[in-house]
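Chain naming follows the written order as A, B, C and D, and within any one chain the residues start at number 1.
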Amino acid sequence: MDYQNIFLEIPKELEQIADKGNVASYIPELSNINPDKFGIHLTTIDNRNYSLGDSDEKFSIQSISKVLSLCLAFKLEKDELWSRVGVEPSGSPFNSLVQLEYEKGIPRNPFINAGALVICDVLVSRLSHPKRDFLEFLRRISGIENISYSPRVAASEKSTGYRNLALISLMKEFGNIENNIETVLDLYFNLCSIEMSCKELSKTFLFLADYGVHPLTKERVVSVSKSKRINAIMQLCGFYDEAGEFSFKVGLPGKSGVGGGIVAIHPGQYSIAVWSPKLNEKGNSYKGMKILEFLTTRTRSSIF
Amino acid sequence: MDYQNIFLEIPKELEQIADKGNVASYIPELSNINPDKFGIHLTTIDNRNYSLGDSDEKFSIQSISKVLSLCLAFKLEKDELWSRVGVEPSGSPFNSLVQLEYEKGIPRNPFINAGALVICDVLVSRLSHPKRDFLEFLRRISGIENISYSPRVAASEKSTGYRNLALISLMKEFGNIENNIETVLDLYFNLCSIEMSCKELSKTFLFLADYGVHPLTKERVVSVSKSKRINAIMQLCGFYDEAGEFSFKVGLPGKSGVGGGIVAIHPGQYSIAVWSPKLNEKGNSYKGMKILEFLTTRTRSSIF
Amino acid sequence: MDYQNIFLEIPKELEQIADKGNVASYIPELSNINPDKFGIHLTTIDNRNYSLGDSDEKFSIQSISKVLSLCLAFKLEKDELWSRVGVEPSGSPFNSLVQLEYEKGIPRNPFINAGALVICDVLVSRLSHPKRDFLEFLRRISGIENISYSPRVAASEKSTGYRNLALISLMKEFGNIENNIETVLDLYFNLCSIEMSCKELSKTFLFLADYGVHPLTKERVVSVSKSKRINAIMQLCGFYDEAGEFSFKVGLPGKSGVGGGIVAIHPGQYSIAVWSPKLNEKGNSYKGMKILEFLTTRTRSSIF
Amino acid sequence: MDYQNIFLEIPKELEQIADKGNVASYIPELSNINPDKFGIHLTTIDNRNYSLGDSDEKFSIQSISKVLSLCLAFKLEKDELWSRVGVEPSGSPFNSLVQLEYEKGIPRNPFINAGALVICDVLVSRLSHPKRDFLEFLRRISGIENISYSPRVAASEKSTGYRNLALISLMKEFGNIENNIETVLDLYFNLCSIEMSCKELSKTFLFLADYGVHPLTKERVVSVSKSKRINAIMQLCGFYDEAGEFSFKVGLPGKSGVGGGIVAIHPGQYSIAVWSPKLNEKGNSYKGMKILEFLTTRTRSSIF
C-alpha cells in the first residue's frame, strides 16, 4: 500500500477540517498545551515509517496507557482476569457509577476508568515495585529507553480525581479491590501521566498489529490469542460511548486519550498514532478521528 | 485456506461441547423445534462451499433479518437514517426501555428491538408495499426464490409481543415513529418470521464479505462504505450484551437470532451461517458460538 | 377555627403571588381553559363551607380521580391489591418506565400512571359495567347527581396517550394486567376526563377527613383503617416528585391533577379543593400550592 | 388517651409477632448485641411517661441521629440548606449513587447517607468544634448530660465505610462538599455512634411533638415552621424505601436506625422510641415497626 502519497494529502485534508473542539481543561498541565499541535506516525509491520507534523513531540498519553497496562495484567493474570472485569461496551459515560452499582463492582471493561483501576489493582498485587516494573515492561516492549511518568501531571490528576476515588471506593465496598486505595490510585494516576510521541506510540503498539510479537524487537509480548482479544476489546470499548462511531467511520481497533492522542491498529499491517489536542464533546481528539477516517477511507484499509 | 479439513474436525469438536442451553420458548413455533438440530455452511467469495449437518433445513432466522432490513433502509434513507437511530452498543438488555427513555426515543443501534422497529418504520414510509417489496429485495440479492415469511410465526410473535408494543409506543410518544403502530409492528413480526437454511443465509450475506457486491449475482447491493459500516455495526451490536464476548472469542462481525441461527462475515474472505436451537443465557446459540470460536481459532481467521 | 377571616385574606394574598406557570397543553380541551380561573372551597366535617372565586365551575379533575378509583378498588380487592401495586413514593417522573422495568411490572404506587392503570384493570375485572358502575359509586358517595365523564376529553387523551400505551404494554408483558389493554385504557382515559367543581370535589372527599364515613350522607365509604391508609398514600405519593415539597410546605395529604386542581385533607377537620390552571414545572397547580401553603400556615393546621 | 392500658397489652402482642429478622452485622459492635432486647418508651408533651422492657438501656442510635443533625444544620443554615439537599423521597436504596450522579451531587433528602453527609459538611463549616459543639447541642436540648459518642463504634464504621467514601467523593467531585473529606466523614461516623436509651430518645425528641419547643426544658429548639417541616421530611423519607409502608401502617413521622431503634412523633401529643435489634430486609426494626403499628391502631392515633 502506498501510504506515502496518502500522507502527502494530509495537509490539504487538514485544511478542510473545521477547527473545532476544546483542549481538556481539568488540570493545568493539559489545558496549557498549544491547541494547534498535530502529529501523526504510521509504522508497518515490516518497519516502513510515515510521519508528519509534531510526530516526535511527547505528549500526555493518558488513557492510551490503559491498553498497555491491560497487556501486562492479562499476561500475569491470564483468564482469571475476566472474573473481575468484563469485555462488554459500557454504553453511556454517565453509566460508570450506575453500572458499577448494578453489576456489583465488576466494571464492564478494562478501558473505562473503573476497569482500569481493577487492572492497576492486579498490577499492585502481582508486581514487586508496580511503578518501576511497569515502566521497565514498557521500555522493554517498545525498545525505547526514555519513556517515563510525569510526576507533575500525576500529582495534578490526583488532586482533582474525586470521581476516581468514588469509583474505587465503590469497588472496594464490593470486594473487587484487594489493595490499599491510595496505592492503586497512585499507580493509576502515574500511568495516565506517561508521555510519549506519536512515533513512540506507533512503534510501541506494533506488536498488536503482528499477532503479539513485536516485529522490531522480535519479542513475543503476548500470545496470538491475547493479541486478538486485546484488539477486540479496543474495537468495542476503546472510545467510551463513541466506540460505534469510531468503528463505523474508521473501522480499526483503537484507543484514545484526553491528551488528544489516538492509537489504532490494522492487524497484519500497521499501527498508527495521531495527536491533536482539541477534543470533541465525547472526549476524543476531533481532528485525530477525522484524519484516521480520511486515511482508512483513502487506503480502503478498515478491517471491515 | 483449507476449510475442508477443519470442517472435518467439527463433529469431534461438537462431541466435546456440553449439551447446554434452552430452546426459545415464548412461542410454540420456536419451542417445538428439535433441540438437537445442527447445521453449518461457509461460502467463500470465490464460491467455494463447505457444509455439515442440517445445513439445508430452513429455520426461523428471527433477528438475523435485522441486518437485511438495515441494508435496505440504509440504501433508501442514506445518512439521514442516523438521526433516528444510533450506532453505539446498548449495554445491558434490560436497558432497552431505560435508554430509550433517557435518550428521548432514539434507539442506540438498529439491532436492538427498538432500533429495528425504527428501521421498519422507514421501510413502511419508503416502500409502496413494504412486506412484498422487502421480500423481492431479499430474493433478488440472494438469487433465491423460495424465501418467504411464516404467517404462523408472525401471528404468534404478534400475540405475545407486548414488550415490542411498549417500545414502539414510547418511540411514537417521542415522535420517532411516523406510521401507524400496527402497520410497523406487522412488518416487524413478519421480518422476524422469515425462514431460511444455513446455506441460504451464507449465500445471501456474501455481499457483506465482498464490500457490497454480491460475488455470485454481481449485483452491487450496497456501496463499499455502507458494507463496511454495516459490518462495523454487526461487530459492535450484533449480540446484544454479549457483543464483547463474541468479538473477544470469535472475532468476526456477526448477528444472531433466537431461532438459534448466527451469521458471521470475514470481509474479503467468506460468510458463514450456523444453526443450533439451544440458546445460552444471553439468548445466543450456545453451540453456534462455540463452533464459530473453534473455527476462527483453527483457521486463525478472526479480523483482529 | 375561623376559616372565614382567612378566606377573606386570600384575594390579597393572590395579588402577591407571581403569575407563573403554564396551562397543560397536550390536548386542546385543557389548553383552551382560561388561565386566570381560580376557585377554592373548604368543607368542614360539620358541614361549614367556605368558598371563593370560580368554586362552582366544573373543570377536568384529571389525576384527582385516581384517589377515588383507588378507594373503590381497595374496597373490592382488599389487601390483595398490594401484591400488584406498591405504596412507596416513586422518585423522579422519568423513572416511571425505568422502575417499572426493574421492578418487573409492579408500579410503585397507585397514583403514578402505571399504578392507576393497574387500579383500572382491577375495576374492569371486578365490575360488570366498569364505566357505569364507577360513576354510580362516585355519585352515591358524593350525593351529587350530575357528575359525569367528558367523552371529548377522554377521546383526546386517548389519541395522544402513547406513553400510557407503553406503560400498560410493559405491565401486560410482566403479567400484571389481566384484561384487554384497550378496555383498561378506555376506563383510564374516562376517569381522567371527569369534570367537577371545587365545591363538588371538596364535598366528595369529605369521607377521607372523617375516617371513612361521609359526614353528610352518613355512608361508610371505606373502613377507618382504609381511610387512614389512603390518606397516607396521598401524603407520600400525591404529587409525583414534588410530594416532599408539598408535605414540607403544606403539610396535608393531597392529590393534584394537570387540569390545575388540588384536593387536600385535614383528617378530623376538613377537606379542601382549589383550582388554578397554570402548572409549575412539576405539573402541579402553581397558585393552588401557594394558596394551600398560605392557608395551612395561617391556620396552623398542617398535620405535622 | 389511656396509654397505660395499651402498654399492658404489649407483652401479649409481642408473643404473637414472629421472631424474624437479622441483627445488623457489618460491624462487630452491632452484631454482638443480644437480639432479644426490647424496649419502648412514650412521653407525652405534658410529661406523662409509659415504658416497658429494656427502655433504659443505651444502644447505638445510628441514623436516628440524622434528625438531630438536620435540626442543628437547619437552624444554622436556614433555607439556604435546601440548595444543597432536597426534601423528596429517594425511591429504592440502590438508587443512592445513581440518583446522586443524575442529580449532579444534590442528595434527594437529608436522611439518605449522601444527604446526611452534606448536613455534616454544613456543621463542619459552621461550628468551631463540630464534634464537641454537636454534643453540647444535644445535651442541652435533651437536658441529658451523659449522652456521648462511642469511639469504638465510630472507628468500626470508618474502617468499613467504603460506600460512604464513594458517596462523599462523588459529591466532592460535583462541588457539593466544602470541607476535607476525612473531617466530614469523621463527624458522620461519630454521629452514627451516639448511644442513647429509648427513654432518652423519647424525651429528646419531644420538641418535635410540641411544635419546636421542648415542653420539659421550655427551650425553643426550632421554630414552629421548622418543626413541622422536619416532621414532614421524616414522614416522607424516614424509612428509606419503606417510608410508604411505615406511613401506611403506622401513620406517624418517624426515623429508624440499623441499631434497631425507631423514634416516632405524634404532633401535639407525644414522642415514642422503640428498640428491637432484629431488622427486616429493608433494614428497619422488625418488631419495632410491628409494635408501633399495633399501638397506633389500638390508640387510633395516626396523624391520618
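In this text, contacts are C-beta pairs under 8 Å (C-beta built on N, C-alpha and C of every residue); 3 or more make two chains touch, one makes a residue touch a chain.
Since we're looking at a predicted model, the values are computed, not measured.
Chemist: Along touching chains only, what is the step distance from subunit A to subunit D?
Modeler: Counted as steps through touching chains, the separation is 1.
Chemist: Hey, what angle do you get rotating subunit C onto subunit D on C-alpha, to the nearest 5 degrees?
Modeler: An angle of 180 degrees brings one copy onto the other.
Chemist: If you average the Cα atoms per chain, which one ends up farthest from subunit B?
Modeler: D
Chemist: Mind checking the centre-to-centre distance between subunit A and subunit B? Centres are C-alpha means, answer in whole Å.
Modeler: 32
Chemist: Cα centroid separation between subunit A and subunit C, in whole Å?
Modeler: Their C-alpha centroids are separated by 55 Å.
Chemist: Any idea how many Å lie between the Cα centroids of subunit B and subunit C?
Modeler: Result: the chain centres lie 48 Å from each other.
Chemist: Two or more other chains in contact with one residue: find those residues in subunit C.
Modeler: As it turns out, subunit C has residues touching two or more other chains at 102.
Chemist: Please list, in label order, each pair of chains that touches.
Modeler: Every pair of chains in contact is listed here: A-B, A-D, B-C, C-D.
Chemist: Help me check something: in the complex, which residues belonging to subunit D touch subunit C?
Modeler: 86-92, 95, 99, 102, 108-109, 224-225, 227-229, 231-233, 235-237, 241-245, 247-249, 251, 253, 267, 297, 300, 302-304
Chemist: Which positions of subunit B touch subunit C when the two form their complex?
Modeler: Residues 94, 97-98, 101-102, 162-163, 165-167, 169-170, 172-173.
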